[in-house]
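Okay, so chain A shows up in both of these, paired with chain B first and chain C after.
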Partner chain A sequence: MDSPASLGLYGRLLGARVRSDWQYRTSFITLLFSQALVTVLEFVSILLVLELVPNLGGWTPTEVAFLYALATVPFGMADLLMSSVERTANHVQAGTFDRLLLRPLPALFQISAIEFELRRAGKLLPSLGVGVWAVANVDVAWNAQRVGVLVMAVLCGAVIYSALWVASASVSFWAVGSREAANAVTYGGQAANQYPLHVYRNWVRAVLGWGIPLAFVSYVPSQWILDAENPLGMPSNLVVAIPVVTVAVLVAALGCWGLGIRHYQSTGS
Partner chain B sequence: MSDQPAITLSDIGKTYVVRTKAGALRRHRNEVKAVDGVSFAVEAGEMVGYLGPNGAGKSTTIKMITGILTPTSGRLRVLGLKPVAQRRMLAKHIGVVFGQRSQLWWDLPLIDSFDLLHHVYATEPGRHKHNVAEFIDRLDLGEFLTTPVRQLSLGQRMRGELTAALLHDPELVVLDEPTIGLDVVSKHAVRTFLQDVNAQRGTTVLLTTHDLDDVEQLCKRMLIIDHGRVLLDQSVADFKKEHGTRRTLVVEFEHVVDPVQLAHATVARCEGPQQWLSFDRSVTTAAALISELAELHAIRDLSIDEPEIEDLVRGLYKS
Partner chain C sequence: MGDAGVDGARVGAFLTLMVEVARRSFRRASHYRLATAAGVFVNTVFGYLRASVLVFVAASSGGMVRGLSGSDLATYAFMSQGLIMVVGVFGDTELSDRIRTGDVVVDLYRPVDLQMWWLATWIGKAAFQAAARGIPPVVLGAIAFDLTWPDHWWLWLVFVVSVVLASVVGFTVRFCSALATFWLLDSRGIDQMVTFTVGFFAGMLLPLTLFPQWLETVARALPFASMVQLPIDIYLGTASGSEIVWTLAQQAGWCVALLGLGRVMMASATRKVVVQGG
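This part shows the complex of A and B:
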């Protein structure tokens, strides 16, 4: 599959999904409206919380806001495009996963498109708002290198979160009711990642920061870009490892997914 | 590609692991052999019926052929490809219809599904237009093309499913219970269409069914599977000669009468005014029997029992 054609196809499948939702107009509009309301409220509440936050281990509130945005923007992107893979469990349970396997497209590509939900964009918007505010207000001399690392961090972060969704969704090929446990990793990791890693106890740091490795999404790049306090004594060139870690996580996740599909047992018809 | 068989199964097995509860936390691990050493080949251009009772292993076989399930053992080639390893490449060359599971976009008009499939399969635009026009004409889809799929009747939907499976000109079509639940008219439409596709396009067809009529009217060759093993693989004509000619005429008379005496039928059962007459279709016809009966007594109701696939399987074990 060449990429321009597959982008076009992805757009068509998304369009079909949105048109399907539009068949249930009232519910579609209500959902979008309520999500918009939640989004505005969330943005206001984040700003309120940030005003109250004291210095966290030497990080100023603006620096924490920057870290927060660098954790939540990639998460929002991954959530919008890839968290639909958690619907794999439903397809496996209903046996409708068969249909995805009968088409000449990667199953991940299909499930991402057919389970797309526009309302998830609502989570991304307040994070972007915080991000723009933080970038404008942090005490940093922006140069090409810093901007480059920021862009790379956002993209790699989105891939790492997507890989987490894929890996945790793969579990549903073996255990259909595993969605809650999977969410503990994805949503749980994301929640923890909104604060500087050094505020956590050692074991949390080891598991969530380096084990899963969410530290590479926001803590490592934020510390480098902002030149912020470094109480953990991380090597200064650790940002170089971000793409390496991203590729490793992605390969592992796709491996789990491939194994899962081979293990798929379908259902009786 | 045409000189090798379209499908080759050599000693294919599929074992499911089923865990059952045995106490509060302990679970038993049972292995169930859904398919147990199945071998057969389907030549390009053939139309083969794959029959068996519920749970015989039909769907499991189909799902292995289409690359959905990984065989536990054996060697499998479909159009020269390994179904699971080369699933996406295979998908471009096969069409699949599951009678009980839709391949269409449920909430969108039927025509939208066709358009989406055009892009999914990247079919050449001219070819696509030609095929859509042809199928609309042959399957009479015109009047419900803009109806959302969820609002179609089962018969209409099945005609839509057939079109969806064939739009990309597959060399092989696999159908799992394509006529299940259809009324007589829709069944006829589906059968005629499949026959045409096979005859005119040379498409290889493998279909599973419960319905012996499907096989009789469509296929030259049939396979019967039970408990994961192939019990029979022969031409439909031979099978009919050996097994498939007995029918039962169920007649309900106006009054309770003694068991009737006829030359070419025997009373198998007698219950109040109802009598079950067993006859051989190669010796006499139902029409001849009915006119004989009508001369004897007043008839209230009539029906003909087709032999069920389950009965035939039982018969195969006996012989």
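This part shows the complex of A and C:
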């Protein structure tokens, strides 16, 4: 598959999806708006918590807002571009997954394009707003190094979340009925990252933070960039591990997907 | 006025039918075993996350926030996770899908009231969800967290009544939003808006007790509080004595008002019904 041609194809498939969604205009706009609303309400509930406890284990409200943005902006990107792999379960169940395998393009590429939904962009805008506000208001002397880590964290975070979507979608090749369980890792992971990792119990932190390794999406880079309280005593150079962890998670996820496809047996009738 | 005996027989037949519909719906819901297990898993994971944060909040404020202890708040987190499916926080797109595709015409042909038919379906499913998705997250939560249990045995009974009312309120909210499909033709937008509004104002993201005073007052004046916050108020004993009666009365009031609104919408929708599809 040569990349310029496939990029063009990706664009055309996306365009077709957007045009078809645009047919139900009112619905499309309310969906976009409701996606934005959920992010706003989520953030409001965090603000309400911060009003009760202004000091979350040594982190100021602005620092928590920064962490929140670093948890939700990459998630919004992954949600927009890759969460459509969730629909694999529907294709496996309906038997239409066969069709994807017959075409001369990788199934992952096809499914992310065919099931693309522009309305998911609604989630990104409020998170970006919080992010811009937090960057402007945190007590940090911005330099090239910090900006570099921030950009890297956003990109790596988006890849890690995307990988989680792919890995959890792979489960539907084995147990199609259990697809909801994947939400614990994807949506649950995003929810967990919205608070500093040190508020969680030891073992929750061990599993979600370091096992899945969600900590590398927002907690580790935020702590380093902001030079915030470090009650967990993380080594200060842990940020350099972010790209390594990202690659490892990506490889593991693609491995799961590959195994899943190999295991896939078409449904009858 | 008809003969009283005939009316009695009619009511009897109607109730028998409703119970039958609810039973089938219960049975249908019980078939998806793997999906139920997966759902319990997700609800419990979210319970752990929410309980962790709330317990941390209580601990950072000296053990109590707004009269609630850490274990009260952890209980709130797991109870509300357990209520998600029972009261239908995320709703159910079955009716709105049928309106969108035009299948609702079959429902309208039936010699049974549309609203009562779907209410019976909802209750049957909710009864299954209460057992299969309601209890496990609380039990699994109790393994890792210190939870609060009702002080008196009769509170359990009142709590069950309150949950039934909560489920009916949940039904009325979704019935009204599904009927909006008759006018909007596609229901996904409105379904999602309702989901997020319910999530916030019912007390799914945060207990309403932790809202600032003015916002709590607003939230408690809305019907959504009846779905999650009010039953847990009874369970935790935050509402006690005459407050319990008031809480149940509020829930019952919303049931009546919103069932009524649903009927008005239904009457006007069926007058203008445009069936989509061939």
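As a working rule, the second predicted complex is superposed on the first by the 233 of 269 C-alpha atoms of A that agree within 3 Å, B and C clash if a C-alpha of one lies under 4 Å from a C-alpha of the other, contacts with A are read in each partner's own complex, and residues count from 1 in each chain.
As a convention for this text, contacts are C-beta pairs under 8 Å (C-beta built on N, C-alpha and C of every residue); 3 or more make two chains touch, one makes a residue touch a chain.
This one's a predicted model, so the numbers in the text were calculated from it and none came from an experiment.
Colleague: Contacts for A:Q93 in the overlay, against chain B (first) and chain C (second): which applies, first, second, both or neither?
Modeller: Neither partner.
Colleague: So, A:Q145: does it touch chain B (first), chain C (second), both, or neither?
Modeller: In the superposed model, A:Q145 contacts neither chain B nor chain C.
Colleague: Is A:P104 touching the first partner chain B, the second partner chain C, both, or neither of them?
Modeller: A:P104 contacts chain B only, not chain C.
Colleague: Applying the touch criterion given at the start, work out whether A:S236 contacts chain B, chain C, both or neither, answering first, second, both or neither.
Modeller: neither
Colleague: Of the two partner chains, chain B (first) and chain C (second), which one does A:A5 touch, if any: first, second, both, or neither?
Modeller: The first partner, chain B, only.
Colleague: Which chain, chain B or chain C, is in touch with more residues of chain A?
Modeller: After superposition, C is the partner touching more of chain A.
Colleague: Of the two partner chains, chain B (first) and chain C (second), which one does A:A192 touch, if any: first, second, both, or neither?
Modeller: A:A192 sits against chain C, while chain B stays out of touch.
Colleague: Taking the superposition as given, does A:L52 touch the first partner, chain B, the second, chain C, both, or neither?
Modeller: The answer is second: A:L52 touches chain C but not chain B.
Colleague: Give me the intersection of chain A's contacts with chain B and its contacts with chain C, in residue numbers.
Modeller: Dual-contact residues (chain A): 24.
Colleague: Quick check on the complex: what are the chain C residues that touch chain A?
Modeller: 32-35, 37-39, 41-42, 45-46, 48-49, 52-53, 56-57, 60-61, 65, 144, 184-190, 192-193, 195-197, 199-200, 205-206, 210-212, 215
Colleague: Which residues of chain A touch chain C in their complex?
Modeller: 24, 26-31, 33-35, 37-38, 41-42, 44-45, 48-49, 51-53, 55-57, 175, 177-181, 183-184, 188, 191-192, 195, 199-201, 204
Colleague: Hey, which residues of chain B end up touching chain A in the complex?
Modeller: 16, 55, 59, 63, 66-70, 84, 87-89, 91-92, 96, 98-101, 103, 105-108, 112, 116, 119-122, 148, 176-177
Colleague: In their shared complex, at which residues does chain A touch chain B?
Modeller: 5, 8-9, 12-13, 16, 19-20, 23-24, 95-96, 98-99, 101-106, 262-266, 268-269
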